[in-house]
Each structure stands twice: as structure tokens, then as C-alpha cells.
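One chain, chain A, links the two complexes that follow: it is found with chain B in the first and with chain C in the second.
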Partner chain A sequence: MKKKHFEQRHLVELFIKTIMRIALIIVASSLGLILWTIISRGLPSLTWDMVTQIPKGGYYMGKEGGILNAIIGSIYLASGGTLIAIILSLPIALYLQAYAQDSKWGDYVRLSLDVLWGIPSIVYGAFGFALMIMLGLRASLIAGIIALALVELPIMTRAMDEVIRRMPKDLEHAALALGSTKFEVALRVVTRQMLPGIITGILLAFGRGIGDAASVLFTAGYTDRIPTSLMNPTASLPLAVFFQLGSPYPEVRERGYAAALILTIIVLFVSFASRWLASRLSKYSVK
Partner chain B sequence: MAELNSTFTTTTKDRRTKQDFLASRTFFVLTVFPVLLIVIITVALFLRAQPILSEYPLTDLLLGEIWKPNQGLFGFRPFILGTIWVTTVGVILSVPASILTSIYLAEYAHARTRAIAKPILDLLAAIPPVVYGVWGLLAVVPFVDDVLAPLAEGRLDSISIFSVTQPTGFGILAGGIVLAVMIAPLIISVTFEVLSTVPNDLRHASLGVGATQWQTIRTVVLPQTLPGIIAAVVLGASRALGETIAVLMVVGNVPKVPTSIFDTAYPLPALIANNYGEMMSIPLYDAALLGAALVLLVVILIFNILSTLVLQRMLRRK
Partner chain C sequence: MDAHIQVKNLNAYYGKQLALKDINIEIPKNQITVIMGPSGCGKTTLLKTFNRFFELTENTQLTGEVLVDGENIYNKDIDVTEVRKIVGLLAQRPSPLPMSIYDNVAYGMHIHHMRKNREDYKDGVKHYLEIAGLWEEVQNRLNEPATSLSIGQQQRLCLARGLAVEPEIILGDEPTSALDPISSQHIESRLLDLKKQYTTIIVTHTLRQAKRLADYVIFMYLGELIEAGPAKEIFSNPKHERTKQYLEGLF
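Now for the complex of A and B:
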């Protein structure tokens, strides 16, 4: 009797473990499936023209041209959004760690950042557009940048907050004991020690920004030209994918798959770059 | 705040303490921004939706079945139900695999497996929604059409939520599958974090008296972490509620109340994305769409605040 019980629970153990392994394999292989679909359908229609030229006349009916306007536009939008987000995020994250620590106010700020992080980008887009109507603005690069900055802000700040929290307290205490003010500690010790993590947070937000379609849909608009001023409407890669897929022309849809491949490559590149930079820079941190 | 005051009393001695005081004040003002932003977004959407909220009773809007803006009919019911259907299917498909994966990673996996799994999950989270949409269009829709629908047809017809109603593959099931993959990394990473708050001593105590690992997980780890795991699932659900582009591309977008997972649906975010910015000449249309955004926002805010509060509590204990 005793023996049987023993065997049964070990059987359960084995069974559960197998199911869990299968679950992990399903999750991991979905990445493979997605990448395989995007690569196998996107690569055949990917041409050099696509990444070096802007759409020529009749491009959306399958004629000559490329989507350089969308690639450049996306880089402008995401860089601008990331820049604004950094200007806000870094002080907020430093404040949360250096000054607020575990205070009530710190909790409220973290709560609201987490809540902002959960607000879907379509809501930021609609909010941005409602603001633009009130201010009499048209779809433009600057409106898109602001909408993306709002999307990126909570992601970046929470990522920075998490890494700064992991800083060895001894370092901070040592600097404070030598007579540094909290501001000097934040600026000269924390930002240097935690630079790899801060950069990871920035690139994470940049990657999210460059791939986001719903927030720039109404705010940045779409155009065939490369923007020359902050007030110009601006094309973006996710929308280039989205619009080309909606085309009745098969050639244009094929190019949409290629545009999706370009976007995927950029996002994966950013992701790998942040990993590489973080491990590279962590050499200069005190262990 | 007490800290600020104490800085203030000892201030003006020299440049550096002054600088510190100024910085702490400036930084503090910046921290007000995120808190304020939530309020501003909610109020702005409410004000813009006000015209339609004052014109029609709320129940008419939320429960109204017919959406014909040019005739002044703004029934959100098909869209709200469409959102609920797609989200529910996505969550049901995602939760078992996600939770099992995170338990495996937290409790069983070698450091080496974890080191491989983490970048995979990061990449899965990094893939843009529109790329998920392309994948849905190229792989999931045909899969539903060629494999799942024929499989259900004839066998599950008697169950109305599985009856195959239209032959395209676009619909709730396709949207749900795409969402399931999209929210998996979030549910997995939050659950993993929650599981790692359980002190190892507790596990060792349980294993020490002869329990198997699964018995330990079932009787020691899971009961303690259940609220956090539920919060992780709620976070995933709220992410799914607001997902726009990827769902929009595969769900069919027909404003009709769905009755089966093979039906098409038209979720709220898709409604906003497809129509906002155009046809502003129709009276109240703009207000109706921002009203839709407001409904979405309020539900997501509630979900997010509740789950974040639970998680803040649990993760603090660490």
C-alpha cells in the first residue's frame, strides 16, 4: 500500500513535468513560427529598392519605389519619442530611488506608472488626436513624437527604476558618508554604476516605440515624403505594413510582408544591441 | 515629504546643498506628471465624449445593438461583446501554457534552460503588434480555416459556441490565438517574479519531509502566490482588451454580436482605429468613438489598478 502511494505521486511528478516542458516548447516554438512566417514570406519580395527609395508614382498599384519614407519616419518618430521619454524618465527614476525610497508618494508614482504602462496605445493615440483638435494641430511629426513619448515613458521609467533599485546600497552609503549630497550620488554614482541597465531600459522603450502603430495612426499621419520639419506628417513602418496589406494588389501586399520583415529585423537588432551593450558596459560597473 | 522639509531647513549653507534641494524639487515635480497624466487622459476623453453621453442614456449606448452613426444609432453592444469574446478566448488559450511555463522556469528549470528561455520571451515581447498581425493573417487565419474549422465541423456543431458559421478563417478564434501568443510573455514574466518571492526555506522544509517537487509546488508555493498569479492573468487580460492592430487584422470586423468562436467580431479598439479621424462630419461620431475609448480605458484602469496593488504588495515582501 505504502509502496503504491509512493509510485503514484512520482508518476504525477513525471506527468506534470512533461506537460510543463511541452508548454515551454509551445511558447518557445511560437517565436520560431512567427519568425519563420515573416522571413519566408517577406524575403522573396524584399528588394534593395524598398529600403533605398521613397514611393514613386503608382507605388501603391505595384509600380516602382520603396518605403524609405516609412523607415526614416519611424526612426525620427521613435528617436524623438525616446528622447522626450528619457528627459522625463531618468529624473523620475532617480527621484524614486534617491529621494522617495519606499515612501507613500513613491508607491503612488510607481502605481501610476504601472497603470500608464497598461493603457493601450490606441487610447494614447485617441487622446493625442483629441488634444490636437483642441489645439488646432494637424497630423505631424511632433504630434506623433509626443504620442510615442507617452507610450514609452512608463516602460522606460519602470525599467530604469527596477535596475537602479538593484544598485548596491554600500556604494550609495559610501558616497553619502564622504559628504556627497543625494543629487551628486544620483548623478555621479547611480547613473554611472547603473548605465548598462539604464541603456537597456532606453532601448527597450525605443523598440516598443518603433513598432507601435496604434498611437501614431492618427497623430503622425502618413505621407510619401520624408519629413523635413516637425510640422510635416510622417510615415511609419508599422503603418506602411498595415496599409500595404490592405491593398487589393497582390504585389503591394507582398511588399507589405517585406516591410514587416524590415520592421522585425530592426526590432530584433535593437533587442540584441541592448543585450550586447549591457554586457559590454557592465565591465565598468563595480561588482 | 519630511525629507524635503529637512533639506529645506539645513539649506542655503552652500552651493551644493542648494543644488541638491533644487534637484529634489525639480525631480519631485516631474514625478507628479505620471500621476497627473492618468487623470488628464481620463478627463479629456470624458469631456470629448460628453456630447454623446448627455444625448443618450448610458444604458442605451452600452446595450444598444445597432451601430448606424449616420442615422444617429450608437449601440456599443456588438463591439463590447466582440472585445469580451476575443479577450476571453485569448486568455483561455494563453493561461495554461503561460502558467505552466513560468512554474517550470521558476521551480524546475536549470539555469541554462532559463538563460535560453529569457531571451526567447524577451524577443516574443519585443515583436511589434503589426508583425503579429501579419503572422495572424499569413499563418493563423489559414490554420483556423483549413484545420480547426473542418475539425469542429460535424463534431462540435451541437455546441453553439463552436459552430462554424462562416468560411473565411477570420474571426474570434484567429484573434484569440494571436492574442494568446502576444500576452504570454507578460503573464510568464509576472508569474515568474511572483513565484520567486516564495522563500527557498519553505520549499526546502517541504522537500525535506519527503514531498515531491510537484507536491511542494501544489501545497506550499501555489497557495501563497495565488493572488499574484491571478493578478498576472488580469494584467494579461487587460493587455488583450486594448490590443488594436494585430486583432484588427485577423478578426473580421463585422459589427454583429458574436455567438461562436468561429464568428467574426469587431472589438472596441478596432472600431476606434478604423473610423477615428474620418467622417467627422457625422454629428456625435467623434464623441461616440472617444466614448468607446473611454469605456476601454475605464475597464483597463480598474483591471490594472487592482492587479498592480496586489503585485506591489506581494513583490514588496521579497
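Now for the complex of A and C:
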């Protein structure tokens, strides 16, 4: 019964385990390196002024003031885009579940969502831009929100659809057996069971939205002001990073890292909040 | 005999495969009818035609009639949610809804708008949990998830939940097969208590359970109804050779 360390199957196991560990170390250290870079470069410039003031002397050249315009702009853009995406994707996901579960039609809808997911966000930006020209709109908060909603929609819908598809079939039947309509099953049972997963999907999409630079580049524009109406152009954090890192002045580039740090903090906060919320809500879920 | 359900010339198909062959039967009111037979004989299929669950399986087809209180539940103008309200189901495995214990029982009353205010709902929940013999065990934990209950308790919760929509008929699809002996006994005794008020139809493949519960017996084999009659007659003096063999445990 003693362990034979040099038997082939044990060696194979050791080999596979080592590969897994190396992969894990590479991933973990990349994450660490990213965090270290933005923290070490961004933290010195991350003053109170950075998060409470708008830029002085222009975002490209200015070394004074802050990036409140981009922080507020990004929150507006991502929240608006996420809201529109929720309004559209929840009904699609519930429809797919309730009426088109394994049908050809359902497969087509899913395929087109996957295609939409794969489209690079710069294309959404260009599409949004073309749409704006057609409608005679200028770069504005609302145009940016619509572009982001388009970017987020397929991610959110597919995430929700996958979550809803993993719904235990018995649950649906249990609710139907009590005389529920399919709509009641969807609203009162499916949604409740899936709420944690749905919220995770929403926040995943929010994270993608708030970090996306390409889709808002043409549609939302960039400005030093905080938008006061949906028709104003607006700044965003990813573009703040992009523009400031392109500046010839090292001080401004440092501010770019500070903007990246702020963006990362927001995304981390959202993802921790979603985990906390999901674990609270899944209290009643059937495993 | 006062028939609660009448089945007339019922044929059921899964795809092209005939699962029920020309079934004609009357099911007596306020008694326990047990449907028995070997696996694959169509007993669960027959049960599923009573609450229109058969049509939930894709690519199925049905001809014939199922009359509940004299009305064909397969008529075009029938509201299927009303059928399922009148004909409740206790499934093989308990599947609590993703809610608290309280909300599981209140759910059905809510969707059918059966109570007026909060207090009425509370009374209703208590009443049906008592009937299902679960109230004592859960009265202090009504807000806990239903999944925190044991499997046996969950099945009694499902019974309470089903009764709360005030059905006339209870279907049981091997309702104790996933349960331990003591929990099974709980469910059986509840069903016996309830039979005066409800027409109960149980599918089982355990002969002993059939003998404990049945007032009326339907014996099926390969999609056909072989024999049906009062339990005493069937168990003591089966007319058909197949039934005799089944009761003797030959297959």
C-alpha cells in the first residue's frame, strides 16, 4: 500500500499539476503586475483635486485640476447604457426561455446575439456615428449611452440566457402545476431563481461598458465640462486615460495612470458589490 | 359510482409511438385510485393527461377526451391554468420554489388572487401547513428558504402548496419514491386523511403501497388498460391473467 512515486501514472499527475500551477502563476502575476503598474504610477498623481475638480487648461496639455468630468461622464454613460441594455435584454432572455427554448427561431436569436457580441466596439462606435449623422445629432451623452447599450446588450442577454437555461426544469413544472401562466412562471419563479446570476450578468456588462473607449470615442466626444443635459458631449475615463497617456508632458501621462487607477477601482468596487449582492440574493435559490 | 374524471377513447403518442391505447375509464370521486403496472406501461403518461402536463413534452399528440366534472379539459375554450388549479400535482421529487417556506404556500393563492389581505394569507398558509402536517415543524422558521427543509419535509410543503390553490383532485406521481420510509408514511397518512375531500389518483410501482392506499385500482400494461375496479376485488380476485401475474410478482 505504500506510495510508489515513480510509477508512470503518478508522474503524469505531477506533470499535469505542474503545468496547471505555472498557468495559474502566469495569470496571477499578470494581474499583480497590472495593478502594480497603475498603482505605482497613478497613486502619486491621485490627489484629492483629481477626483473633485474638472481639468484646468485642457485635458491634453493641462497639468492642473482633476478628471471629475471623466468620472461623472463614465458613470453617466455606463449607467445609462446598462439601464437601456437591461430594459431590452431581460425580455429577450425571458422570451427565449419561455417560448423559444429549443426552437430553430431561438437558435437564430442566440446566433445573432453571439455575432453581435463578437463585433469590435469600434464598429458600434462607427455605427453610432453614422446614425448620429443621419439623425443630425452631435456627439452627446445620449449618443454615447446608445452606443454603450449596443455594446452591452449581447453580453447581458447571453449571460442572462445562459443563467436562465440552467434553471431546473422541475421548478417550472412545479409552478405550472399550480396553475401559473407561462408569464407568471417567468416573472415570479424564473426571475427569482436567477436573480443572482442576472445581476452578475448586468454588472459584467456594466464593467465592459464603463471600460470601453472605442464605442464612445465618436459618439460621446470629449470635453472638460460635466454634462448637464443628454445632448451635451461628455468625457469618459477610458478616453481620459487614452488622451492623457498620449500627451507629450510626463506629468500629464502620470495623470493618465491616475485615471486608469480610478477606473480600476470603480470596476473592482462594482464586481465586489455584485458578489456580495449575489450571495445575499441567492439565499432562496434552489441549487 | 360517482365519477369525477371520465376518460373516453384516449390515445397518446410520443412522436409516432403510441403510449396510451384507447383508454376508457371512470375515476371515482373522493376515493384514492391507484394506477399500477410495470415500468413503461403508460401509468405516468395517463396521469399527465389529467392536468394537461402531457402536452409539455414536445412532439406529443393526443386524441380522445378527458372529462373533469363532465367537461372535456381538452376543449379549445378551456383555460389550462384553471384545469391545473382544479387538478393538483404532487411530483415524484419535491421541488420547492426559490422562496421562503411561507411564500411557497402563499404563491398559488397569490397568482389566483384567492385572499384579500395579509392576515388572510397568513391564515391560509397556516391552515394548509397544518393539513400537510408540517406546521409544528416550521412555524418558527417560515422565512427560511424552502430548500433548508429535509426532502421529506419538502414533499409535505409541496402538498401544502398544492392544496392551497383549493384543488378538487390530487395527482400523485410516485410521490414517495424519493423519500425515506418515515417520510413516505407521513405522506401516505396525509393522503388517507384527505381522501374524503379530494379525489386522489396515485401512480405507484410498489404493490404494498397500492394495497395500503387504494380504494380503486387501475392496472395497465404496455399502454393498455388491462383491468380496473374496486381495490378489494382486484387484489383478491383479479379477472385478467396479466393482473394476476403482476400481483404475484411474476414481472
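Just so we're on the same page, the second predicted complex is superposed on the first by the 259 of 287 C-alpha atoms of A that agree within 3 Å, B and C clash if a C-alpha of one lies under 4 Å from a C-alpha of the other, contacts with A are read in each partner's own complex, and residues count from 1 in each chain.
One rule holds for everything that comes next: contacts are C-beta pairs under 8 Å (C-beta built on N, C-alpha and C of every residue); 3 or more make two chains touch, one makes a residue touch a chain.
Not measured: the values here are computed from a predicted model.
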item: Touching partner for A:V109 - first (chain B), second (chain C), both, neither; value: first
item: Partner chain in contact with A:T181 - chain B first, chain C second, else both or neither; value: both
item: Chain B versus chain C as contact partner of A:R192, first or second or both or neither; value: second
item: Which superposed partner A:L88 touches (first chain B, second chain C, both, neither); value: first
item: Which of chain B and chain C A:I164 touches, first, second, both or neither; value: neither
item: Contacts of A:F242 with chain B and chain C, given as first, second, both or neither; value: first
item: Contacts of A:F129 with chain B and chain C, given as first, second, both or neither; value: first
item: First (chain B), second (chain C), both or neither touched by A:V252; value: neither
item: Doubly contacted chain A residues - partners chain C and chain B; value: 181, 184
item: Of all residues in chain A, those that touch chain B in their complex; value: 9-10, 12-13, 16-17, 19-21, 23-24, 26-28, 30-31, 33-34, 37-38, 41, 88, 91-92, 94-96, 99-100, 103, 105, 107-116, 118-127, 129-131, 150, 153-154, 157, 181-184, 186, 204, 207-208, 210-214, 217-218, 238-239, 241-242, 245, 256-257, 260, 263-264, 267-268, 270-271, 275
item: Touch list for chain C against partner chain A, complex; value: 51, 53, 56, 58, 81-85, 88-89, 91, 93, 95-100, 107-108, 111-112, 145-147, 158, 161-162, 165
item: Sites on chain B touched by chain A in the complex; value: 1, 3-4, 16-17, 19-20, 23-24, 26-28, 30-31, 33-35, 37-38, 41, 44-45, 48, 96-98, 100-101, 103-105, 108-109, 113, 117, 119-124, 126-135, 137-139, 181, 184, 188, 212-215, 235, 238-239, 241-245, 249, 269, 272-273, 276-277, 289-290, 293, 296-297, 300-301, 303-305, 308-309, 311-312
item: Interface residues, chain A side, partner chain C - complex; value: 102, 168, 170-171, 173-181, 184, 188-189, 192-193, 283-287
